[in-house]
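Got some structures for you, see below.
First chain A sits with chain B, and in the next complex the same chain sits with chain C.
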Partner chain A sequence: MKSSLAERAILYALVAIILMVFVFPYGFLVSTSIKPPVDALAIPPTLLPQRISFDNYTIIGDFPVVQRSFGNSTIIALLSTVISIGLAIPAAYAIARFATWAGKLFLIAALVTRLIPPVSVGIPLFAIMRSLGLIDTHLGVALAHSTISVPLAIWLLASFMESIPRALEEAARVDGCSRFGALFRIIIPVAAGGIAVTAIFVFLASWNEFLFSLLLSSTGVKTAPIAIAEFKSQYGIQWGTMTSLSVLYSFPVIIFSLLMQKRILAGMTMGAVKG
Partner chain B sequence: MKSLGFMFAVLVLFLLPLTASGQDSTTLTVLVEQGGLWLQEAAAKQFEEETGHTVEFVNVPYGSVFDRLSAEMATGGAAFDVATIDVVWMSHFAPFAEPLDDLFTDEVTDDLFASLVADAQIDGTFIGMPTWANTEIIFYRKDLWEDPDEQAAFEAEFGYPLTPPATWQEFTDMAMFFTRDNDGDGEIDMYGTDVKGGVADFEWMIAVLQAGSPGVVLDADHNIIIDNAEHVAGLEYYISHHCDMDVAPPNVNEIDWGVAENLFYQSQTAMFRFWGHAYRLTRGDSPIADLVGAAPMIAGPGGVGAIPGPWFNIVPKTSENKELALELVQYLYDNNAMGIEAPLGLAARKSAYASYADVEGYENLNPLLETLDSPQTIGRPAVADWQQIADEILGPIGSDALTCEQDPAELLAWGRQELEAMGYE
Partner chain C sequence: MKLTERSFVLLLLLPATLFLAAFVAYPLFLLIRDSFFEVSIYAPSERVFVGADNYLHALNSSRVRESALRTLNYTLIALTAEFVLGFAAALLFNAMGRRSEILRTIFAFPLMIPPIVAGLLWRFMLIDNIGIVNHVLEHLGIIADSSDISWLGDRDLVLFSVALPNIWLTTSFVALVLYTGLQNIPSELIEAAKIDGAGALQVFRRVTVPLLRPVIAVVLILRGIDAARAFDMIWIQTEGGPRFASEILSIHIYRNMIRYGNVGEASAIATLFMIAMVLISSIAFFTIWGKGSSQS
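Then we have the complex of A and B:
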């Protein structure tokens, strides 16, 4: 019993330390956002606000561009998620089910694209989008974000789909389902947890992306990360406003992740054991 | 049939004005960062009202101005009709910029600071119209400098009156005088000034100009002068407040412009050298909000000197509205003074600064005017690899010198070798 208590204490201590590493930066962000501007960069810095002020939040009302940018980020992230998942599901299914050498090569090639620094493809992508007339459009930015997300989505989904027993699909085929029918009626519902996890990762990748959004947007579809970064000008950084906007920008993702917590955990363990 | 014809005629009459106004009105797209937006927004609005055209600002973060315009340049894009760019990018974008020689009449050049006229040209061609110019001046605590007790104590110690510092020696004396342990706990509560090691690639060169150097790093013909006597003297002066006198917070490498500004506005330094715009942006909740004084930059043996930080409007060669873009650039120059009422309170024309210099709340403008107009206020060399020089040579020299263990002359000799390796002579 004693050793069990000791083990638990050590475990909780470790969890507390790990939690601290993750929570501290965010806590400091929130704390800075409710400090008066002059205290935001106090020297030495203070962890907790000496005075609480919501000026950094109320001032956001003065920046309609920033408000619009939150809407743009939402539209683009949703669009990118739909495109990426829509493309990745059939690709992952084919790779998982047919298990050909070409499929394996494709999977590796998809991974290799993740190794290319986005900055190196920024200008070619810009030229392509310009020739397609997609500069400063939601679709243009969402497509660019999908180029980052599709390889990751294929990898994740292929792993989830491999874990689904073939017998399930074969039974559907015996009952008269076509291959597409089996995909839509059997595989996708069974892999829903994995698809949800993948969709969250894809959504987050688009939600936080900076470089492509910068290159491909002007005033029409400016995303929130760009709008927030504008508070860093040549003559200084408006930490208060940047932190308050960052807190607000992180809220939807945090709330969504908390709501989806069980599904995410289920999905993350889904591909761990092959059927 | 008749009624159809009548309806068609009515439709044409109705649509004609719409079509005509569509042809006459053009939207000009201007790439800016926050400062460019603030300083040019009012004049652009007036331009819209007077001409019926539309000016659309694309506001991006500071470094992203370079990235966006580089993408346009690389792909021959025509997204922007005008771009407001930092002086350090002028050489890079010169091949992409429309010549503006016709705009630079004698009247225009006479009303611009000499350093701006020099910076506006690349290889003898004007490519950018200055839109504002900033530079570092002296900020000090008026409550300290105007306190009779402080004045008496200072004069007793140093033998001359306490006025805002005008020379290297005065700056040093005052930095020593105001470095204090107010509560006697052995810890210094207020330093005389700061040493900004976080921006070591820029800050020490100001002292080089004050020492009398004809330029920083390279001369007008782009020959290496980084190891001349003035560079050595400037670097020695820059580090002296940290290495020899302890009149600045010791964590020099952590002090960049933002931190230095906060130290001053939290009354942890008595005076500092900083960009002139800050006077207008003094925070209302700062303990010294109403106590800030401004003075021209200090003079070394070569006189008052500083490095200007101007921004220029360029017209990309790919603009599809070049004529109108040039018209806008001219208009923004003509109405340059309107920017002074914007939050940064900056302009490029001498007459613009002079028109507000005696207005209450703009006490920083006379010091700015005097500093910008000084012969030793000289811009950085217009070379395309300036950023590389700053990052790989000037920054390390400044940082190494601030360790107080390396000889400035030896560091500058190393700088010459590095510049030679880059192809300079």
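Then we have the complex of A and C:
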């Protein structure tokens, strides 16, 4: 297909406009974060910093609660990743390899959990965590986050495992490997790439989660999004610090997304669309 | 010890089943049970059975009805904008072919930005007087003064304003998924239709859209569910205000439970919300998906 020069010019102009509108908000966020704090609310607002200053970043040093919240988020996201992947690997293997009614039922049940508004589960989860003594603990929040990621991880892993040739395990079984041996020695190593991608998804789902953290944590294990949302001084919202915190908080997300661009779509559609 | 295949499969499914039973199914059971009781969050052991009172009260409450309607409107606003913009972008990428790769990479960028960052950022950009959006509009001569539009303060406007970060974050998702779908349409089909004399619009309506139907179904349903369940993005922008004008159901349920401590009534509303979600998405699934398969 050959297009004329005019057609191409229109196409690229269109693309340029879309990109500007699209990338602009985040660029403005980063730009504001490296302005001196008072310039965040300058009238009129400027697109680029007139003066560069990292005060919005250094000031975070004065807020130990906020600093700790990043640590809490990391611990909770790691815990939730271990729990979800540990539970999802065997389940996904069963679903991908053995066509049983239980597997099918499970896949549908996992899909239905996506329809549940988190706020519905959140209310009773609070009561359950309280009776287990897990309110305001890393484990309690991580378990709550895993209710979102276990179904996601099962769907994703099942779609990865389906692409592994059956001949691999059959050969191992003939050589005297047990059923569990085949899972641990053959499937898990071969599916390592898919498991890594799934783990990143689960980590980010926990890192980004807001409502369960809000319900289940107070001062002890407050996560980063809650600390950022609550970050108000006696003078109201400090927009300068808000922008630097937002940049820091979204940083790992952006790095991970760039690392696994191709798989993002598969993850976000629970494997329904392969990118 | 020899394991039969059947018991091996059940053994593999057991841990995840136990987890989901304890932390998803059991909470749902508690939710439905609580919806028939009057329970206060402050004294959860003192519960009084009230039958369907919570449901009747919820259905008769104008505030619940209004927030249900708002949830629907918010979902429709976000979904329509995302779908129209996303589809347009997908067609653009498809027309560009391989050259669109860098573009798509840049486009994928907001996909995973944390929702609260998106919410905060848009709140910051939409502040009256000092927000950059109004200043840009003033600069372009669209509004006379930068305080003319109160994006988050105007009750008639706020539902659109709180949808903006959602649209910003997920248009790219819609675009990239639809693009993948478009790429999977065999080009021979399109060429054949063109040889038969079909115009571009006809090819789009008769070939592209029908073949894309399953992908469209996935996108609309996933995005619809996520928009309807939204909480954090709106909470961070307005907390449901001004005067409840952006209070969608999940915010109403949260407030009813945490601020007012009405666990029973909040549970009844949450149960109704869940039933509505399952019903609406099943209907959407069967109409969009079902039509496609009966035609082919």
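Just so it is clear, the second predicted complex is superposed on the first by the 217 of 275 C-alpha atoms of A that agree within 3 Å, B and C clash if a C-alpha of one lies under 4 Å from a C-alpha of the other, contacts with A are read in each partner's own complex, and residues count from 1 in each chain.
We adopt the following convention: a residue touches a chain if its C-beta (ideal position, glycine included) is under 8 Å from a C-beta of that chain, and two chains touch if they have at least 3 such contacts.
Predicted model only: the values in this text are computed from it and were never measured.
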Which of chain B and chain C A:Ile52 touches, first, second, both or neither: neither
Contacts of A:Ala6 with chain B and chain C, given as first, second, both or neither: neither
Touching partner for A:Ala171 - first (chain B), second (chain C), both, neither: neither
Which of chain B and chain C A:Tyr93 touches, first, second, both or neither: second
Partner chain in contact with A:Pro37 - chain B first, chain C second, else both or neither: first
Touched partner set for A:Arg179, first chain B, second chain C, both or neither: second
Which superposed partner A:Leu259 touches (first chain B, second chain C, both, neither): neither
Touched partner set for A:Tyr26, first chain B, second chain C, both or neither: second
Residue contacts with chain A in the superposition, chain B compared against chain C: C
Contacts of A:Ala229 with chain B and chain C, given as first, second, both or neither: both
Touching both chain B and chain C, residues of chain A: 41-43, 122-123, 127, 211, 215, 229
Complex contact set, residues of chain C against chain A: 3, 5-6, 8-13, 15-17, 19-20, 22-24, 26-28, 30-31, 34, 44, 89, 92, 95-97, 103, 105-117, 120-122, 124-125, 129-132, 135, 146, 168, 171-173, 176-177, 180-181, 215, 218, 222, 225, 228-229, 231-232, 235-236, 249-250, 253-254, 257-258, 263, 266-267, 270-271, 273-274, 277-278, 281
Chain B-facing residues of chain A, complex: 36-38, 41-43, 65, 122-123, 126-127, 130, 135, 211, 214-215, 218-219, 226, 229-237
Chain A-touching residues of chain B, taken from the complex the two chains share: 29, 33-35, 56-62, 64, 67-68, 70-71, 74-75, 77, 79, 86, 134, 257-259, 261-263, 265-266, 268, 275, 277-278, 281, 283, 285-286, 309, 344
Chain C contact footprint on chain A (complex, rising order): 1, 11, 14-15, 18-19, 22-23, 25-26, 28-29, 32, 41-45, 47, 83, 86-88, 90-91, 93-95, 98, 100, 102-103, 106, 109-110, 112-125, 127-128, 143-144, 146-147, 150-151, 154, 178-179, 183, 204, 207-208, 210-211, 215, 225, 228-229, 239, 242-243, 246, 249-250, 253-254, 256-257, 261, 264-265, 268-269, 272-275
